[in-house]
Amino acid sequence: MENRILRVEKAEWLNDDYFILWIKDEQLAATTQAGQFYELRKYSSDPHRLRKPISVYNVEKNFIGFFIKKLGRGTTELATMKKGDELDLVGPLGNGFPLVESQKIALVSGGIGYPPLWYLRRKLAGKNDVYWLHGGNSKADVFPCDEIWSMDGSIGNQGYVTQGLETLLKFGGFDLIYACGPEPMLIQVAKVAAEYGVKLYVSMEAYMACGIGVCHGCVVPTGTPEHIVYKTVCKEGAIFDATEICWSAL
Amino acid sequence: MENRILRVEKAEWLNDDYFILWIKDEQLAATTQAGQFYELRKYSSDPHRLRKPISVYNVEKNFIGFFIKKLGRGTTELATMKKGDELDLVGPLGNGFPLVESQKIALVSGGIGYPPLWYLRRKLAGKNDVYWLHGGNSKADVFPCDEIWSMDGSIGNQGYVTQGLETLLKFGGFDLIYACGPEPMLIQVAKVAAEYGVKLYVSMEAYMACGIGVCHGCVVPTGTPEHIVYKTVCKEGAIFDATEICWSAL
Amino acid sequence: MNRLQTSLGTLTMQNPVTVASGTYGAEFGAFYDLNCLGAYVTKTITRYPKQGNPPPRLYETEAGLLNSIGLQNPGLDIFLSNTLPELSAVCSAPIIVSFSGSTIDEFAEMLDIMEQEPRISGYEVNISCPNVEKEGIAFGVDPDTVHSLTSRLAALTSKELIIKLSPNVTDVVSIARAAATGGATSIALINTLLGMAIDWKTGKSRIKRGVSGYSGLAIKPVALAATYKVASALRIPVLAMGGIYDWKDALEFFYAGASAVAIGTANFANPHAVPELIAGLDSYLQERDVSLSDIIGTVQF
Amino acid sequence: MNRLQTSLGTLTMQNPVTVASGTYGAEFGAFYDLNCLGAYVTKTITRYPKQGNPPPRLYETEAGLLNSIGLQNPGLDIFLSNTLPELSAVCSAPIIVSFSGSTIDEFAEMLDIMEQEPRISGYEVNISCPNVEKEGIAFGVDPDTVHSLTSRLAALTSKELIIKLSPNVTDVVSIARAAATGGATSIALINTLLGMAIDWKTGKSRIKRGVSGYSGLAIKPVALAATYKVASALRIPVLAMGGIYDWKDALEFFYAGASAVAIGTANFANPHAVPELIAGLDSYLQERDVSLSDIIGTVQF
């Protein structure tokens, strides 16, 4: 975990809402794992404001990519960044996805849950049999994968990506699921995975302040409804075994 | 008094600290008097923040000029403005200088008290005999006038501009003084003017919020020490007859 | 149908937008028609003229505004003979007079005099100004005193009687309750927080009197908490203020339970804050096809 | 000569910079050596483990931060067996333990247990957390209770005894005075203000529990006013906090009378806030050729 100020090597726009910022740092690239994230801010922005947690989308030849959706104030500020601008980052943060071998794997992402799975797939590829389902509201929220779902039917299958997952699991043979996306999607994925008895790792989201495990602000409920234990997404997560999460308390 | 958003027609830099912003508006140019001011903000800046009071430096052929010193946050933001950027302004504000004819007049300015006297001089010129003394800390704070004073002696006479005024008044013949500058200078000018029995109009400064006379925030003491009446600089000023001000309460 | 209609106790308002005492004047008529206001709240007046505090009286911090006006005003007589007629000539919205006294008797005397004025639709009793030592504030922090004062005033008028509270208390609900049981018809909150700023270069207080009143952007969450606490605990209508700049800010306060809102410091940053807020709120409600009353107090957790 | 030296009651500090309880952890050791701290203040612990409040617990407003952690902590036993030894291993600065109880007896029991620990240099008694219903806060608003609690604890220890106060009271000076006469050796202020935020799009509270604690930039003027009021009225040293981000902010507090300052929310925005503040302050004092003690309490008006 480091705090660095690094220049943006490339700012790539995918469409009106999504962009990728690339930075270069040998040491960070060497230590960053799939599923980890960084807390980012534009260095020249108001120093009083919080950083924004953004997953690692890709690591390649000392480059680290952040795949970002322009949403509110923080990400809009990041969206103004151009090649050469300084990015102030803290990371890598969180635990990362556990990596496996020789498994039949489904990746499930929704909306901005896409980026961390890209790097995860690269890490799993070759050693496992991987199938990726991605869903978004509309065409603009959908990116390369094996099976596409959109809410408005503007691309791929119309409906929830979890419908696709259910169909898939019905035919069986899957050992493991990794999922990242909005809470309602994760709840549904957890339900389906439990039904079909497939192991599931989820990447959880939470509003963050410190990003390093000191403030206890970014918690999710784990344990049972009778005995909830709040765990920090930034330090004890962002990746959790789905059976750990107390889904009914979300 | 209007609230307009107008494009900067020209942004002129005089040195590292001083710049002039020109806007164009027929109606405002026609109604703006010497000694009045506007409350300015960069239109694209944080809409929660206060505007900054800036005097009218010049009005010429529908153009209005603001001569600004880069000091703190507000003026630094104005300093980023370029031709074509939008300036959000409220004005003209304040009462303006009373104009006279056939008088022998001394103008006295210190530092950023210079700009309002420029337009005033233009209005007085021809009809009166005008002599302008200006003082600043250093070369960078000094602009065209009849007699220059600088604290560090880097240009003109070394010392306070009020020394120059005193010498001038000693020789007599002056009917009227107009002064604008930092409080300590105005206090001294008022003292000298009173000593030599010369009428004096001062342009007062104060921290402002509304700029239009509703908040009572920008007051200066008038009346006597026993019976102070606080008057608003933005509405009842910025120009006051020096005998009105309760100098000892400043 | 008027989606924006609301009421504060006895007062029906064409829209829920008014102004915070001390931040407004008929001068705003230069920018727009004052009749767009749901109500007009005057600067606080006192029985006799007040000179106010020595300057500097203002300082803008990183996130808000400090002020130390000290209730400078011409006194009740001049207010009634000059200010009120001038205002009435340009504004037909309900006029609420904010006033403050140094004793319960003086409050009562003032209200008594003002009752003669048909152009006054209601009163905002300022017991919460942090910038004067004896006036007002001492009243605003003790429930028993608030109850006595309110009861005395309520007996004298059938017009809207708003009690304006300070956030600088341990338990704002207990004070609001005392006002409500005393006969106030609505509660205004919040007045300014206590704040201070010092020039780090010189060690000089930015405000001559030191501790002063803090308003604007920074205090919005505090105002919202106070609004929610009072509105959810009591049935009395709340006129909310504190850091409201636009219709989105106002919506937060309506969800928290405010029946109306006032714009204060925002008037300084944006002279068109009032009409812009009204227009923005109107089109939002229209778009969503709801009335203001469908929103008030419906915050979810 | 060490220009930065200061003291808080019984505690001499190599520099006046510490951290606000709940905003810090040994994790910051990844960014810099924790020994640069004037003192280390722990997150508040309670006698038994606390689960904390349901999420969402955080929201950044336009000018500050809302939090509703609810004192989640592993309890005193695990703190003493795990956290404290781990911390001691990496930090030789004085360690101040922030703690809170639900009764005076519980506070006393906790202090009694901690007195066995030589690595603890002092205590910060948190009677001001707005995010728990029974714990702490009820103690912080009543001078008599504060006096009883402080007297009880002062009798049990000769270490630094800091009482941390809430700004959400009518008269912070009277509470500080009660703590001082009870035997507190210094006063910490301020804890968070009460705040709230609502999503205008959905009407949902941004924080699950509704009203929460408000910190950061926005509260600096409030913290400064409280610091000035307590420091100028009483002789007890003040550990000031609230919206301190850099050495210029800190200077304002020293002028207002603070003997030391704590960095809270700023740690989140800038992980290097602590060493940068210390270094900035040091070079400023050096440049001006003064000591910190020449500045403390010298605000002019």
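When the chains are written out, they are named A, B, C and D in that same order, and each has its own residue count from 1.
Throughout what follows, contacts are C-beta pairs under 8 Å (C-beta built on N, C-alpha and C of every residue); 3 or more make two chains touch, one makes a residue touch a chain.
In this text the structure is predicted, and so the values were computed from the model without any measurement.
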Count the smallest number of chain-to-chain hops linking subunit C with subunit D, moving only between touching chains.
1
Grouping of chains that still touch (sans subunit C):
A, D | B
Between subunit A and subunit B, what distance separates the C-alpha centroids? Give it in angstrom.
57
Dist(centroid_CA(subunit B), centroid_CA(subunit C)) in Å evaluates to 35
Just give me the whole-number Å value for how far the CA centre of subunit B lies from that of subunit D.
47
Among all residues of subunit D, those touching at least two other chains are 62, 217
Where subunit B touches two or more other chains at once, the residues are 48
For the protein chains shown, what form does their contact graph take: line, ring, star, complete or other?
line
Listed by label, touching pairs are A-D, B-C, C-D
Contacts from subunit B onto subunit C in the complex sit at residues 1-3, 47-51, 90, 206-221, 228-230, 235, 249
With touch defined as at the start, can you tell me which subunit D residues reach subunit C in the complex?
61-64, 66, 141, 168-171, 193-198, 200, 202-205, 208-211, 214, 217-222, 224-226, 228-229, 248-249, 251-252, 255-256, 295, 298-301
Within the complex, subunit A is touched by subunit D residues 22-25, 27-28, 30-31, 43, 51-52, 54-60, 65, 67, 69, 72, 216-217, 245, 265-272
